[in-house]
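The next part holds the structures, each set out as structure tokens.
Here come two complexes built around chain A, the first alongside chain B, the second alongside chain C.
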Partner chain A sequence: MVLLVLIHFMISVYMHHKTAKMKLLTLNFLTCAVKTCKSSSDSFPLHPKDAELASDDVDVNPELLVNLLPRLDWKALKTTSAELGFPQLPDSPPTIEQLQSDDKLLKDLHSLLMETNLMEGKLVCGVCGHEYAVREGIPNFLLPSHLV
Partner chain B sequence: MEYLIRFSQSHETFRLPELQALAVLEGIDMEVVSYSLDSPFCIIRLPPSSPPITTTTLARRLIRRSILAMSIHELWGHGPDLASVHAAVKSTTSPLWPSYLSCSFKFTLDSYQGSRTSDQKVSIINSFSYLGFMGPIKMRHPDQEFTLHELWPFNSTPLGIPEPNHLYFTRYLGSSLRDLPKKLDLKKRKYISTTSMDAELALITANIALAGPGKLFYDPFCGTGSFPIAVAEFGAVALGSDIDGRSIRGDGREKTLKGNFEQYGLLGRLGGTFTADLTNSPIRKQELGSDGDGVRGRVFDGIVCDPPYGVREGLMVLGVRDPEKTPWVERKGREMYKQADFIPPRKPYGFLAMLDDILQFAAQTLVDNGRVAFWMPTANDEEQEMPVPSHPYLETLSVSTQVFNKWSRRLICYRRIPDKDVDSAAVKAREERILVGKTADELNPFRKAYFEGFQTPPATTGTSTPAAPATETPPPN
Partner chain C sequence: MMASTHTPSALPSDSVAGDVAKLAAAAAASQAAESAEAEAYEKTHVHGVYEAIAPHFSATRYKPWPAVASFLQSRPPGAVGLDVGCGNGKYLGLNPSVYMVGSDRSASLVALAHSRGRQLQEQQAQEAKKRIAQGELDATTGTGGESSGAAVATEVLVADGLSLPFRERAADFVICIAVIHHMSTRTRRQEAIRHLLRCVRTGQAGQPGGQILVYVWALEQGNSRRGWDEGGEQDLLVPWVLKSQQKQPKRPKQRKGQKRTRDQDSSGVAASNNSGEAPPSEATAGATTAATEPDPGHTDPVFKRYYHLYRKGELEEDVLAAGGAVITSGYERDNWWVVAANEPLPSQST
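On to the complex of A and B.
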């Protein structure tokens, strides 16, 4: 019995290590998949619920952050960051020049977007309340037929 | 100055689109002087550059990440016979000769579709003695390598043809990533499926779509991750999704999409994977024509994919095939969908509708000048050939074809046109058309033709008889 529990524990650790992960960056590009929700601004961002996070080491990629900065929905990022319990982001995004000249800012943003991963939990739409399950770092956006 | 690019004589119709994409990527204003699908030798011209960057540097940059080019050379002279090559070299390059007087060097002969005896080789090489190079000859790692490239007619050895059609004399400048496909070889990849795209073509696709450092790419039919891996190899961050989450999860241990990224040391460039259907995509989109600066609101620098062709398994999207006949399917969905193991019902999907949805999705999510490159199959018979799909917000840049026995697959690449340059008449025409069809065959002309063995349709429409695919053809997905 003890052995079984031990094996189960080892598998869960192993699984946790080996399956997918989703960077928080990606969350800034995901909205509710239900078509009728798209017109409402409340369907974005999706709200993490019972979220399990994991962080890993990724080389800082200043070129990527500078390129993506204009595409980030900063307000949504601020919401996501607050909901996951990270320190408050400023109300408005930095300019590209600020990002390029401020090493700490670059590292903080990198750490939040590229090194923080959503592993388990749910993503909830603020309009329809639909909960998209996240298992092993892979959110499932498939909808039942009455929502298609 | 003119330069010679030595291509690999394979995937011929992909070579120029790849080279032109690399010129865009490196910001090089390249002019193709001579190119033929039947020859591995291509002459290009590069504009004079401003210091500190020399034109030589630009030439090296141009092909440094090419998969189909092998090397680039400074072209010293070319002509239909050796005498005209000598004349060209003497008349145009004599000011260059003194620079190579004392360095180590070697001469090589690059005969395409032909061969020379060693005596002939020695006599050809000696005919260049007027260059006056005094440095040591080194066969391994010389300072300079001079090559006489020969283009022979097809089958010249058995036919006993004595002389090549054309010759080029060059100085070697740089090589490409011709060996990179070996690193990503499917045979050594931990996790693949029957429809994984081979490494060479995936990398070429990534090049044509301008994947590069700092960019965000997406594959909506990612499967085991062939395209996300290819774009990540070139420095882009990749997102992937698939309607079948099992293809991403694999066995949940070693054989997973993420495991493949780990195998190649690319994990930092995997942005995320999710289960989704393109027709009900969770990706944030921008209404067409409403995006002011062409960047804000749109997400991707590039989209690359090999969508399912619907031959192995009919194409599917979320929904119920016939909601009136089977009302219980939807009812069950309403009751059960919140359970973890619920599998949403799916219905047949049209192949052409899917291609159209990909283009629409690309138009809504690509930044200005971002590229979408996707694969589509077609019959080789002209009468059954499928047209290249079009979209008013996308400019068709290239169509490359890989030919099998009775069918081919094409890689089509488009560029997102900035809103202000879009033709409003084309937008209006698009809004007025409708796509119809219900069964898998009606919805998918390629599937129908495939199972009918790509015969020209007879006058009377009989029942379709499944024909075995040609043996040497890899099965389509």
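On to the complex of A and C.
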């Protein structure tokens, strides 16, 4: 499985090295722009659809990751990761100590959050069903007038 | 379109309750109409203009404001920040040890911000490679002290400041620089600040909440050549000249009666294009559409952007009205700024 993912990435990297993209980490901070959806927990995370992914080569920054860990919504990350077909994440996040002492864990998390990118596709709200287009790594959250 | 005509009331129409209901419905309807009107106005006099002048505007925006830079530099490593109204993204990579996501209403500016971020990333990668080659980095780990944490400046999206797509209470900080003064009613300006506050964490026992930094153009610009100062008109249309060549000065027109400005008899370009940000450049660009008007004798299109110039104390008032608490505030070269948090105030330490 890991090997498959790796191969998938290598192909993506080769094909899309220069094009625009958005990190998976950012998805953990995005929700539906519609006011009435925000109160429902189903509006987060947004669900990727027809997603084209690519991988970046980014230096591991252990300090950044350790500090980011408590700011993540782990449950949402687990959902996003599963929806994109990545190996399943554990139910609860690693502790800071685990992350600091386990090099593989650190690298895996780094790879998922910082090196995995969404390039094209849609982000779909689980409440209103609105599909936000992502083009060249840039999602567009401007709402049609009936949703404002 | 009154809602009351469709809702049969059990009460006689001349009863006080009926009148109150009618009044409320009328107020709601007029509020909705007002907000739609304000939105349409901003579409022409703010959004359309930025779409049209994006490349030219971006070329003049490269210098960070000192107060913004010091705010960003003082955020702890790993902090998650948002830049609402990020424009060309010049603040996104400023502190490489924080993670920032930028949003802007203008798709053209967001696209510029994105490619700018990509360039920065590639530059950094190349510099890192050079340093590795020079043996300055620990090649076995691939990371080195000063290079760890390449700036992330690519995370940008298109969104409206009054319909933000950010997970609530998740960010450590939000900056909103030279944005809120483009909202054309006080209700909308306060609403915009409320949206920013909603993005940052609330304080908990022993843990300070997230902070927002808001920067707006000041009415009091006694030291600038624009000629605006205390007591003057606060709601203005400020021209942006898409300069294609050196030429005669032109007469900027304002939305409402405005006290004379020196723009009118000197170079309106140099003065008016310096919209409370970086020094204007001599960059040239071409664009069409939006709020232009033909200027007899000249070929350069003039775009007019709406501004609300904040008077002293007004920004703090708006923060309070939005449910925020002012931490510090100040004035920096023609701009008012404020750092605020959600109530209650974090236990004082930072």
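Quick notes on this one:
Quick note on the criterion: the second predicted complex is superposed on the first by the 129 of 148 C-alpha atoms of A that agree within 3 Å, B and C clash if a C-alpha of one lies under 4 Å from a C-alpha of the other, contacts with A are read in each partner's own complex, and residues count from 1 in each chain.
To be clear about the criterion, a residue touches a chain if its C-beta (ideal position, glycine included) is under 8 Å from a C-beta of that chain, and two chains touch if they have at least 3 such contacts.
On a predicted model such as this, the values are computed, not experimentally measured, just so you know.
Once chain A is used to superpose the two complexes, chain B occupies space that clashes with chain C. By the touch criterion defined above, A:131 reaches chain B but does not reach chain C. By the document's definition of touching, of the two partners only chain B reaches A:146; chain C does not.
Look at A:29: by the touch rule set out above, it reaches both chain B and chain C.
Contacts of A:96 after superposition: neither chain B nor chain C is touched.
Of the two partner chains, chain B and chain C are each touched by A:64. By the touch criterion defined above, A:82 lies against neither chain B nor chain C after alignment on the C-alpha atoms of chain A.
Shared interface residues of chain A, touching chain B in one complex and chain C in the other, are 20-23, 25-26, 29-35, 38, 44, 58-59, 61, 63-64, 66-68, 71, 73, 132, 136-143, 148. Contacts from chain B toward chain A in the complex involve residues 213-216, 237, 239, 241, 243, 245, 248-249, 252-254, 256-259, 267-268, 270-277, 279-285, 293, 295-299, 301, 318-320, 323, 329-330, 333-334, 336-338, 340, 342, 344-345, 367.
Every residue of chain A that touches chain C in the complex is listed here, in rising order: 20-23, 25-26, 28-35, 38, 44, 57-68, 71, 73, 132, 136-143, 148.
In the complex of the two chains, the chain C residues touching chain A come out as 76-80, 97, 99, 101, 103, 105, 107, 110-111, 114-115, 118, 125, 128, 142-143, 147-150, 152, 154-160, 163-168, 170-172. On the chain A side of its complex with chain B, the touching residues are 14-15, 18-23, 25-26, 29-35, 38, 44, 56, 58-59, 61, 63-64, 66-68, 70-71, 73, 114, 131-133, 135-148.
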